[in-house]
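Alright, structures below, take your time with them.
You will see two complexes here that share chain A, one where it goes with chain B and one where it goes with chain C.
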Partner chain A sequence: MGADAEPRARRNEFLPPTAFSDARRYVLLPFRFRHLKSESDYTLVTSETGEFTCVPRDLLVPLVAGQLAPDSPYRLDLEAKSIITSDAGLAITVRRLASQYRARKSFIFEGPSLVLFVVTLRCDHSCHYCQVSRRSEFAPDFDMSEVDALAAVDRLFEMPAKNITVEFQGGEPLLAFERVRQIVLEISRRQASSAKRITFSMATTLHHATPEILEFLKQYDFSVSTSLDGPPEIHDRHRPTPKRDSHARTMAAIDRARLALGACSVSALTTITREALKHPEAIVDSYVAAGFNSIFLRPLSPFGFATRTEGKIGYPMKDFLAFYARALAYMLELNAKDTSISEAYAAILLTHIFTSQSSGYVDLRSPQGAGSGTLVFNYDGGVYPSDEARMLAETGNASLRLGNVHTPFDELMAAPALRLLLEAGIAEIQPGCSDCAYLPYCGADPVATIARTGAPIGHTLSSAHCQRHMGLFDLLFDYLIAGEARTVETLRSWVPSHR
Partner chain B sequence: MLALHTHAKVAGRFPAYPLKILDLTEALATTLARTRVAAKLPSGYSVDLGALAMLGFAGVVAETAPGSEPPLPVLHSAGDPAVVDTGDVIQIRSGGSQVRVLFRRRSSSNSLFVTERCNSLCLMCSQPPRETDDNWRIDELKDIVDLIDPTVSTIGITGGEPTLLGHRLAELLSHMHHSLPNTQIHVLTNGRLFADRALVELFEGLQGYVTWGIPVYADVPAVHDYVVQAHGAFFETLEGIYNLAGSRHAIEIRYVLHKQTMARIRQFAEFVSRNMPFSSHVAFMGLEPMGFAKMNRALLWVDPVEYVQDLRFAVNWLDRAGVPTSIFNLPLCILQHDLWRFARKSISDWKRMYLPACERCEVRNQCGGFFRSSGSNWQSLAISPVTTCDRGNS
Partner chain C sequence: MESGPQNRSVSRLVDLSLVGLPAVQRAGYALAEHYDVVLDRRAGGFVELSVAQQAGGPAPPAAPELDRLLLDFALRVDIEERTREVRSAIVSAALRNGR
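Let's look at the complex of A and B:
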């Protein structure tokens, strides 16, 4: 073209847009689709890497048949989102997809970057839905030993990841604060001579956070996550302490922690029980009133004690989704009135939807993240690929145990259990996942499948994981495609900034 | 608002090659060859020109004419004396009286013009291309580079399409890398020829020294190819960007805002964040009413108020995605206050002007102003001086 551009320039001659719109044949690239239930009757189409757009439902068949009209207003977006291209554009479009794919899956090259230290199983709460099969506050022999803790730190520094989050949990980790302190000090000492950047976090009720402990957490820049199930009548119902004062103590502890660590370093999550299902607005309100701008609405986990008590406090996933839809609608309403409140899990899903970067969230990956993205050092020295795998062991199935804290990292990574998970944990080849429009945003969860069925691959569509995520993605895409501009803007703003 | 040319009188005969202007102190201390230096005399100061001639200087720059037949060439009585300043690099047209300023020490927007040739024909090109053999420019530019202060922070390379020079461009950049190692070089290129990896390899070793500023005008080929008036350009440019990025070169993406590009500003932001998250910078640029842009006004002109909401969306989108983003060539008064932190004073000092309305504006000093070439039919209806009460409202 350069050759004839010059004479045209001399004649001041420019060609019209039609000379450049390649209206002929188009080529399809791999894509997935889903008919959304929204009133507008659109079909969502997603590219291999999660770019998305939508077409009217009756255009899907012509699209696939190569019969989309040259002047169809959908062609430009379909081309921009790597759903269609021209013969000439095929090579570069595949290259773009490869670039996005590499970014989205970049976590593969990192190795484990989230390390959980279960420093004790002891806890003074006896929550009905407890995930972690807690032991009583004064039970002996449920703390991590000093020797095991040091060995676990050795493993940590054998990991290839540059940025690692170390999370302390339990039980109630503050009941074993001396062990926490020992581990943090040891990591800090060794971090000085390593290129690793290690950040600390803790899942705690905060009830036992004395001023000295808070000072320590501040010094090491901890972020803490606590459990707040909503207003007192809901919170205290399922989070009993000997004095039945958990809510009041939690609120007071949150205030102390915010003062010490800064408001941004204190977050909370809500476990939704059958009782809570009735009160989405009240739960959201309680978070707003407590000064949070984010709430994590988490369904009951099918692990730990929760499985055994499911009959009493459990519910079908569709009930959770109905609850969640109400809660989300209410939050969007609040945002429209300038109260800023976001839902933390939606923020993760929206990050997967709107960006092509790896989100860092280890529980929603393909290949799955258990063991390859996260490792758990248990109080007894056992090493597990995930918290769920550890809980499975607590309930009698230790098949996912990778070894113990004295096993070198390379051997842990070569454990047969991890191999099993990795072979099964690729959503792209799972029946039920491989043709799902939400695949690029979702992940495989073989640990849950093993817990549920005993085998690493099962019937995806009947799993809680799948039902939950199909429901959440349907809900979000309904808003994104048929929602008001302002609502879409709010949801986009939940995607964390990479600045 | 200094021009890059002036007329002056010449006594004697200056060499045709570029000269460095230095005041006496700097002229005596410089490590440059004195044949490349013209000493600038302070006003009303009497200096023995014979001594300067014996020292070997190429000439002198003075305010007034020398008394008699000077022993070395004297440039004097410039139309605008401020145009020729100490530290600058100038060229005096042989035999003539026109002075060209090739490098200006006090400017932050110096650039080297490497070719008039181009393989695209952009609708809004401010520097319409010409098919001509201008390979001679590289040798002259290497001469100029030798005279540029090594402390200068950035130098632009512009054309035409610089990559048409192939290995000769690489030669110039390597020369600069050697001579100006602490300077950042910004090359404005359409990137199309980098679709050939062999061209990328010519610039091996210049990573980190050179940033490639590459215009991408849409997220789809039909729009981009129309704007640059070249079939296949979009695909070639993307291939070029990936080839450069694959060799760890820094890439800036440039998007010119006008009627033909405004429809897809939002989609473009998402396209860049997904497909080129490695970009070191994205610049959204207002139109410069020069060259073809003037000729194609009917195709291009749109009041920025019509796209400023889309622009805001795009800028915020890229900013949140972690891609450094700027707005060039648009005055602050037509941008929402939250966009001001992205606005740069991007119009070169010698092209910049302010309007009568700007007299009362309180942010005039922060504002990049307007191209001097923009007449009233290139000005937004939203232009109005910013005052304290406006800012209170935004």
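Let's look at the complex of A and C:
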């Protein structure tokens, strides 16, 4: 390469003088907005790819009309956040936004990467809020057969995704541990000659985790998630066992699992009932006392037995949001006192807010993740696009069943039920969602809409999904925009890439 | 726009040359979360937006609040129309290069 060739190439990167001739002109980029409640004169604006900033409410009209003054103190920030750009910078900006958009939607090209094996519907708990319609511990005919398990593994290896998480669920999956073992061994045998990277997880009470089982889980590098609903008086009330000792057994099992698998491989979530709404601080304290540095505060699911007991244990979403706000404030207070505790769902939402990465969370995607991100192999051989879809089937609506484990993967993906979900599951074209400032971070939930209304498209704004997420995003953005620097720093630290 | 508050209901006569029908429809959709909403086409390029309280539901918003809501939706439609081509370019480029 000659000495003068390189400088000439660099000079070509500068824009021509005409690009700087009219500083008043700018190009409007797609954005959405929402007026903030805590800062009533200010408006949150979010770009197509989720970058955000805050502007005075009366700036919106001149901004859209192309009348923002060149010396406006907000202009540089709006350019940096991809709300506006210059004529000359448009092509570069579009390329940058396309790159961010592609990263956010990268899951589209992967296919299902979370596969649930419901190895049994049996469980020894009789939780009031059970969403999976469990059967009693000794009930016959509710375990996955060996033949169906092997066929499901065949389907797994037909999937295009290179990285797949296999999650065992129930009922209580450890009541059918031999089936779990068979599936893991078969996957591991076949994985050796495949390019796939498969990881294992399990949702379990852990009560039946013997030393031998824990040794097996350790050998195959399992992560386990259990249910801990807070202090004993709350946990035992909603998770009854014949001996009414669920909390004590759960705590003992968590200790054993941590010893065997390592503390990082054991997590817990809490399901919030009407009674639990009164005790946010006590629930958080119980997690801190149990040595967890994360808690997942999950509202009641509108599926399974929870639909029948809703009158007794249910509540309006606004009550959950008030509970959540108190719990989050308390967690931030604890963090300020150097007790590290995060809320797992807030961490997912913050990941969507602060990064262009796809978080991997299939329940908050657009296009929706049921079937396209998840597949469920049910104990009876049925294949469903999501856990919620099979829960719906257990309560009598099997319309979302894609086929059975003997149906080739390509045929499962072409099932009319999946087409229905995909057509209804694009938030960008959903009434209500398309106008929402939180759209880049949120997702469509047609399975829940079907459960609620019988149709895949309903009145979005009235749905529990929308009300929950609007409330959670409002709360988080209140902290991010009006909160103290230390609070914002704590919330940012919950995002995996910021740790 | 004119106001016509009645018993726990509010109606606004919207000049469609100022606030387009898509914006009125989207505002009505958003209001339907809490209220009974009726859109009624009127002669001369107007539409009447009526917002009524549901049994046990909250009282409808005051007229100025309703006007602000309509203007917000008019702005959203305006942004969408002004940026349609750029959005299409972004999404097309993203999906084209994702393969």
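Everything below uses one rule, namely that the second predicted complex is superposed on the first by the 472 of 499 C-alpha atoms of A that agree within 3 Å, B and C clash if a C-alpha of one lies under 4 Å from a C-alpha of the other, contacts with A are read in each partner's own complex, and residues count from 1 in each chain.
Definition applied: a residue touches a chain if its C-beta (ideal position, glycine included) is under 8 Å from a C-beta of that chain, and two chains touch if they have at least 3 such contacts.
For clarity, every value in this text was computed on a predicted model and none was experimentally measured.
> Applying the touch criterion given at the start, work out whether A:51 contacts chain B, chain C, both or neither, answering first, second, both or neither.
So A:51 only meets chain B here.
> Tell me which partner A:77 touches in the superposition: chain B (first), chain C (second), both or neither.
In the superposed model, A:77 contacts chain B only, not chain C.
> Go through the superposed model and pick first if A:357 touches only chain B, second if only chain C, both, or neither.
In the superposed model, A:357 contacts chain B only, not chain C.
> May I ask you to decide whether A:482 touches chain B, chain C, both, or neither, giving the answer as first, second, both or neither?
neither
> If you tally the residues of chain A touched by each partner, is the higher count for chain B or for chain C?
For chain A, the partner with the higher number of touched residues is B.
> Does the superposition put A:334 against chain B (first), chain C (second), both, or neither?
Neither chain B nor chain C is touched by A:334.
> Contact-wise, after the overlay, does A:94 reach chain B, chain C, both or neither (first, second, both, neither)?
It touches chain C, and chain B stays clear.
> Report for A:68: first if it touches chain B alone, second if chain C alone, otherwise both or neither.
So A:68 meets neither chain B nor chain C here.
> What part of chain A is shared between its chain B contacts and its chain C contacts?
Residues 49, 95, 99, which sit in both footprints.
> If we count contacts the way the header does, which residues on chain A are in touch with chain C in the complex?
Those residues of chain A that touch chain C are 27-33, 35, 48-49, 60-61, 64, 90, 94-95, 97-99, 101-102, 105-106, 108-109, 431-432, 435, 459, 461-462.
> Taking the touch rule as given, give the residues of chain B at its contact with chain A in the complex, in rising order.
118-121, 123, 128-131, 219-223, 225-226, 229-233, 235, 238-239, 242, 260, 264, 267, 270-271, 273-275, 277, 295-296, 299, 317, 319-322
> Give the list of chain A residues in touch with chain B in this complex.
1-2, 5-6, 8-9, 12, 14-17, 19-22, 49, 51, 76-77, 79-80, 86, 88-89, 91-92, 95-96, 99-100, 103, 354-357, 492, 495, 497-499
> Sort out for me which residues of chain C touch chain A in the complex.
Against chain A, the touching part of chain C is residues 26, 29-30, 32-33, 72-73, 75-76, 78-80, 82-83, 86-87, 89-91, 93-95, 97-99.
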